[in-house]
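What follows is one structure encoded as structure tokens, with my remarks underneath.
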Amino acid sequence: MTRFVLHRIGFYVLIAVLLAFFTVPLLWLASAPFTSDPTYKVRLPDFTSENFRAILDNPYALGSLWNSVLLAAGTAVLVVVFAALAAYALSRVHLPGRDALLYTLLLLSSIITGTAAMVPLFQLAVELHLIDSQLGLILIMTGGLLPAAIFMMKDFMDSTPKSYEESARVFGASPLQIVRHVVVPLVRPGLATIAVWAVANVWGNFLMPYLLLSDVDKQPAAVIMYTLYTEGGQANIKLLATFGLLYSVPVVLMYLFVSKKYGFRFHGGIKR
Amino acid sequence: MAQATLPPEVLDDAKARRYSADAAGLGRLRAGAFVAPALALISLFLVFPALWVLYLGLSNYRLTGAAAAAPQLVGFDNFVKALTDPEFWNSTWLTFEFVLGSAVIGQVVLGFLLAWIMRDRTGPLKRIVEGLVILAWILPSAVVSFLWVALLDRDDGTLNTLLHSQDFAPLLDHPMLSIIIFNIWRGAAFSMMLYGAALGNVPPSHLESARLAGASGWQQLRDVVFPHIRGHVLTNLLLISLWTFNDFTPFLLTAGGPDGKTEVLAVHVYQVALQGGELGYGAAVSTVILLINLVVAVFYLRLLRSKK
Amino acid sequence: GQSSDGGSGDTIELTIAQNSISGGKNAAAADYITNWVIPKFEAAEKAKGKNVTVKFVPSGVDDEQYKTKLSLDLKSGKGADVFDLDGIWAGEFAEAGYLKPLSDVVGADADNWDGWAQIPQSVQGLATYNGKKYALPVGTDGRVLYFNKTLFQKAGLPADWQPKSWQEILDAGNKLKAAGVPVPIQINAGTAMGEATTMQGVLPLLAGAGGQLQQDGKWTGASQPLKDALGFYQKIYGGSGLGDPKLQQEAKGRDKSFQQFAGNEIGILLESDYLWRGVLNPETGVAKMADRDQSVGYALIPAEEPGKGINGQDFVSMSGGALRAVNPNSAHPKEAFELAAFTLSPDGLKEETKNGNVRITPRTDVNKEILSSEPLLTYISDKVVPLTAFRPPVAAYTQVSVALQEATAEVVSGKTPDQAAADYQAKLEGIVGGAGNVAS
Amino acid sequence: MSAIELRGLTKVYPGGVKALDSLDLAIPDGEFFALLGPSGCGKTTLLRTIAGLETATGGAVVIGDRDVTGLQPGARDIAMVFQDYALFPHMNVTDNIAYPLRIKKVGRAARQQKAAEVGARLGLEQLMDRRPGQLSGGQQQRVALARVMATQAQAFLFDEPLSNLDARLRLEARTFLKKLQHELGVTTVFVTHDQAEALAMADRMAVMESGHIRQIGTPAEVFQRPANTFVAGFIGSTPMNLLDGVVRADTLEVTGCKLAVPQSAEGLLHDGEKIVYGVRPEYNVYSAEPVDGSLGGNVSIVENLGASYLVTLDVNGVLVQAVVPEGHEPAIGDEGYALPRRDRALIYRDGELVSA
Amino acid sequence: MSAIELRGLTKVYPGGVKALDSLDLAIPDGEFFALLGPSGCGKTTLLRTIAGLETATGGAVVIGDRDVTGLQPGARDIAMVFQDYALFPHMNVTDNIAYPLRIKKVGRAARQQKAAEVGARLGLEQLMDRRPGQLSGGQQQRVALARVMATQAQAFLFDEPLSNLDARLRLEARTFLKKLQHELGVTTVFVTHDQAEALAMADRMAVMESGHIRQIGTPAEVFQRPANTFVAGFIGSTPMNLLDGVVRADTLEVTGCKLAVPQSAEGLLHDGEKIVYGVRPEYNVYSAEPVDGSLGGNVSIVENLGASYLVTLDVNGVLVQAVVPEGHEPAIGDEGYALPRRDRALIYRDGELVSA
């Protein structure tokens, strides 16, 4: 019995340590935006709303958040739709060289996230007249995220029983109908996972949006966040902390929404 | 109950090909159509520029200056330069430390630990723990870097406040350790979720029969859990290693410093290509990263698939 | 992008780009363009019978990122008709063909601009590469030694301090240290501070020791002046306690040095005029100092010893400055040039620098008027600019600068100046294409 | 409602496994036909090939008067219940039942109406809004049936629809299904590996082994006169005793006992030949006293079958089983004698039934 | 080898489901005890609580003379076979069998030796190097048994070990398991939802319903005299006919027919009271001609049971089943009569058996 008690105590100590590890860094974000004269020090805030007023005065702040939402949503939708279709086909039909192809694409996707790829991507966008086009940016980012998305998505697809599809097929459903009616609902948690992953990736991406979108009215929050430095590169902590909070809120809301609605987890098959 | 094996010609009987036999009746053609949009985007915006990067790696292309106007192919000069540059090796070594410490060990272990202790728990505790872990994952890097600067700051850092210490500067005194811990914090969520799902696939009866035999927690992990989640471990290792190899976020925390002590390859490429404008050289280093990734991937595949 | 009116000739669309943005980085400059330049210029053109619309393309990013974007745009034949760039980029942009001599792009109008007469030769030099003018200079700056009069008073140092040699700086530092000042001297070092280390550290010291980065077409390697400059670093950071070596390594070290200076923790700080008008600005600064005018003193940067500076000077400084260029790809280079010139018209500059946004403009006539109320800027304009030096505007400079930063970092972390200088030379040879291009 | 005919149907899986070996089968319109066989014999493959979920490697499938071999499953006008029911977990019962109609572009109101109708017929009225996860196994099975009924297909294919139910429910479902098929009169092919199920439900049945059909017939035919030892061993709730023996003039010598030649084999045996003597435990009359022509030995196991007992005798090292009515069961270790009924015992030569 | 005793065992799951409700049970040393009941009645929970895989909410578990309620599963000295066998897929048969010994730190050679020994006993000699994935269901089941035997535990717990086998194998395994337990003499608790299995194998059995034990006894007791209608309906390969009736003086009126009072209830009934009349189909004697005191109606279903038929009569709208020997089976629609055997029919009052 005492072993049991010790076990419990150990468990809660562990949980406490882990919670602390994940919470302590977040304290600053919870306090600085509400402090009149924020520094890097975490202090009990005086709950001023002045910082928020200041950031709302910025002509681009709110618009950029909206742009971020557009870009992230657009990319997430494309990534999810295309990855789902591709992963489904790859999971169900054995195309020759499938695995090798996936691994190659996955490796190439790592090069494309690197800085060195900016020139090819930029010139490509120029040639395709995708400069200053949010759609173009969405397409480019989608291309970069797709391999990993397909890779993960295929795991989900592989784990759903085939009899659902066969059953629908016997009733005469077409492949697209099967995907819409049966497969998508079954792997919905997986789709949600990939969508959140894609959003998180796009949300934080600075370089590509900056290079490909000149029009400030189209730029996302990641770019606008960089403008809150001074001419000499000094952080305006007041604005940055506050904008950082506003910038984080949509992703957090989206996570909460998704986790409530779909259960945020890997491997979707609904338990039967 | 295998029956007699027929010669393969029979398989190519015309009738058998009239329509496809996969579950959804896709057939290769339609499967191709399903893959097509993704493949088109990938080819256009990933494969093509990636090959371009490989090509750039063979040139002396620069962002500005005369070499920008008329870049020339220089063969493997860039690679020779990289391989003879101690800074490159320094970065490579740091990257290994970073990937090994933060991803392969840190995120995998912490992610697994979180998934393991939360595995059959429900209720608010699980939601809070998972929520916080995932929050660390989805917050934008620009914001997160501020959080960690605030945490580790030499003067006013939360850590110093908590420890009642003065002038403790983790980012200067233990820069690599700092960014490793940072990246563990940042990325544990993915592993946690993946292993959470994987653990759901371990039949409880297997764990229980080990318990009945008197197996300790560690023995249960070794004998039951790990053999079951091998495939997930592979996927996880592969993805997080790739991502960590190319992770640029440490730059936001330490700018590669102090004195290049955290200049991992991704940061090195950034500094070389964006700050130094040496795009050709940067592309060559990217190519080398790609090759290292390839080796790592093959290594994982060998390690985890061979035992099956 | 470029104007796209083709043959219709009805409306001319121009764009103007800067690394400035309303509500963020360099907000004042951005507001000046949108609120004054654009309406006034459009009206002026209308009066001339031309239908011109101007669009402002703001940004607010690191200089490197701005440069990258600019290069990519220009390389692809895009970019704003008029854009700003750092003077130091002129050479590499010209070599890459991103910039063309103004007279080639615009024609005679460029040389005939009445503004040139008002711009001092040294400032014109910023826009000049291989003897040709590539852009209009937007302004200049200068570096001085700032000191905290409150701390000086505590250490028994004069409020009108003006060191004549490096030793005097060290002496003052020692006194400050004795008086309990946490950080007596801050001279930027290391890679974390980036270009701030080069411009507010190595180069003024190098100049003070009589050295130059590039001389007679050759780069200077491990020369004595460089060793002296690095030696000075060693005296500050090598255990004397005069400086804070750790601060040099922090990613946000420069921000912190500002905070500490404003917080009366740093005695002497080598910085540019931006510290005064931007950082410490009692109204808009990120490290506001309400009593800036009373408690911050400034002095010229002395040569190592009197007369030992470049050109035998007693005092030295470094300057830079932005340029405003006309895109060679512009469809309407003439109008674009008019726009650029318009932004630098006396009225314009006065408008831009009012309400506390004073800076040193390129025009002497304007400077005379606007700087009178600004003692520091007057000081820089009158005393510093005449003796200042500029960086070599060549492509390799960026990497050379990094190599210099690394040399200082080595000294701060304990290597000898000789060793650091030797390492620098080795790197330099790699950067500029072999030992043949380097003189030691 | 149509007949199903398979002509020389062959199915070879990509790996080279020949799951069906030029199989011929004709199932008349309206028949309830059971496919029985051990695991892996190809039952599911046969069903799936009829449905079109697997492409036939050779041969033809004819449904009604159409050769459907090359048609998509959806075009064959058949309906199938899968072993796991394959109810869509994200749809409620109504939507599940109405799904085939949705595919056929029936309007929403009409579908709902039809689903309600079929559901009511199967006693699902109260459950129409639940998800499959909220139903018991038996209820799920009914929903799967309802979905199939809603299609009004020409033929029904059931793949072990009862094997996921618990024992009690299985018995009920058996009766229910049989009755339903009778009323609907739709040609039905029913796969099972449970011989009791096949016997109880089928109009006719086929016993399969490794891709071949071993016997086709009514349950009574198959039970009473298995065509070969394979079928003999497979059919029956207790396996048939199959004992090696030798013909000795007019009698048989089986495991050291002298037995009479069964009626069915009279005059067909040759002196001295080796045969297999088959008799079901049900047709072994047990007695505690020695009886002429019986198999005698010691009782080694007694199992309760409910109203009777299955007694296993050790007859000179060979186990022989007999069913004993309750009240007469021996104790373990007792001496006992099993007298095969001459009219029910069978003789197999080289595995095939010896019969006139 | 030890007895198992449960005292007031209660298990409430976190959600609030009371899976066991202060349950008392004593299983003597060496007994083969079956737990039977419908899905969800708490059988698995009971087994798992004995094993220590679930902590008891209340009450005690005593194995031999130790109260093990607070002990870890590993310390209780019991072994369990799971429904899915829980063989480790990455270990071969030898390693699987030897696993418990490995945990007990038995040396490598000794483990291998023991595994080989136990494996040989279960006829696994040829398979010792295979992985579970390469074994058939029946073989897997034997490996699971071997692993349990290798532990030499005090008691064995089996959770539906046969339900994953196909019907044929299940029958074989039944006999095998029973015999093995007999030889080893280890106290064994065996969970099943298949009443035939429980009847055939158990020394004694308990029938559970929602966390309670409804009847404990030998298979014969439980089969012949179910203590209540729940058990009556649950036991038997064909469900017992349970018919509503009213006592009319010396006879019973059941679905419009006049029946004699069964022997077991003679003198225990009151005129006019409502009862349930129970008779197993096996004890319903069928005839085509009207018989006094029988249940008459039209034949609605005939199911082949092998050597007999299950005939369902529609008696004034109520279905009544009778078992008819082969050769006497009626056709559907025929008129038929089922005469319950007075010595086997039972009467239930308020669900409980009426008995002296």
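Letters are used for the chains, namely A, B, C, D and E, taken in the order the chains are written, and counting of residues starts over at 1 for each.
Methods note: contacts are C-beta pairs under 8 Å (C-beta built on N, C-alpha and C of every residue); 3 or more make two chains touch, one makes a residue touch a chain.
Owing to the predicted nature of the structure, the values given are computational and were not obtained by experimental measurement.
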| item | value |
| --- | --- |
| Shortest contact path, subunit D to subunit E, counted in steps | 1 |
| Chain pair with the most C-beta contacts | A-B |
| Separation of subunit B from subunit D, taking each centre as the mean of its C-alpha atoms, in whole Å | 53 |
| Distance between chain centroids, defined by C-alpha means - subunit A, subunit C (Å) | 39 |
| Intercentroid distance (Cα basis), subunit D paired with subunit A, Å | 54 |
| Mean-CA-position distance for subunit D and subunit C (Å) | 92 |
| For subunit B, residues contacting two or more additional chains | 20, 23, 25, 63, 149, 155, 274 |
| For subunit E, residues that touch 2 or more chains besides their own | none |
| Subunit C residues counted as touching two or more neighbouring chains | 65, 68, 72, 75, 252 |
| Sites on subunit C touched by subunit A in the complex | 1, 17, 20-26, 57-63, 65, 68-69, 72-73, 75-76, 78, 196, 252, 254-255, 258-259, 274, 278-279, 286-287 |
| Interface residues, subunit D side, partner subunit E - complex | 38-39, 136-137, 166-168, 171-172, 174-175, 178-179, 193-197, 199-201, 219-220, 223-224, 234-239, 280, 282-283, 300-301, 303-308, 310, 312, 323, 326 |
| Residues of subunit A that touch subunit C when the two form their complex | 39, 57-61, 118-119, 122-123, 126, 131-132, 207, 210-211, 214-216, 223-224, 226-237, 239 |
| Of subunit B, residues touching subunit E in the complex | 203, 205-206, 208-215, 219, 223-224, 227-228, 307 |
| Subunit A-facing residues of subunit B, complex | 20, 22-28, 30-32, 34-35, 37-39, 41-42, 44-50, 52-54, 56-57, 61, 63, 113-114, 117, 125, 128-129, 131-144, 146-151, 153, 155-159, 161-162, 185, 193-194, 196-198, 200-201, 235, 238-239, 242-243, 245-246, 248, 266, 269-270, 273-274, 279, 282-283, 285-287, 289-290, 293-294, 297 |
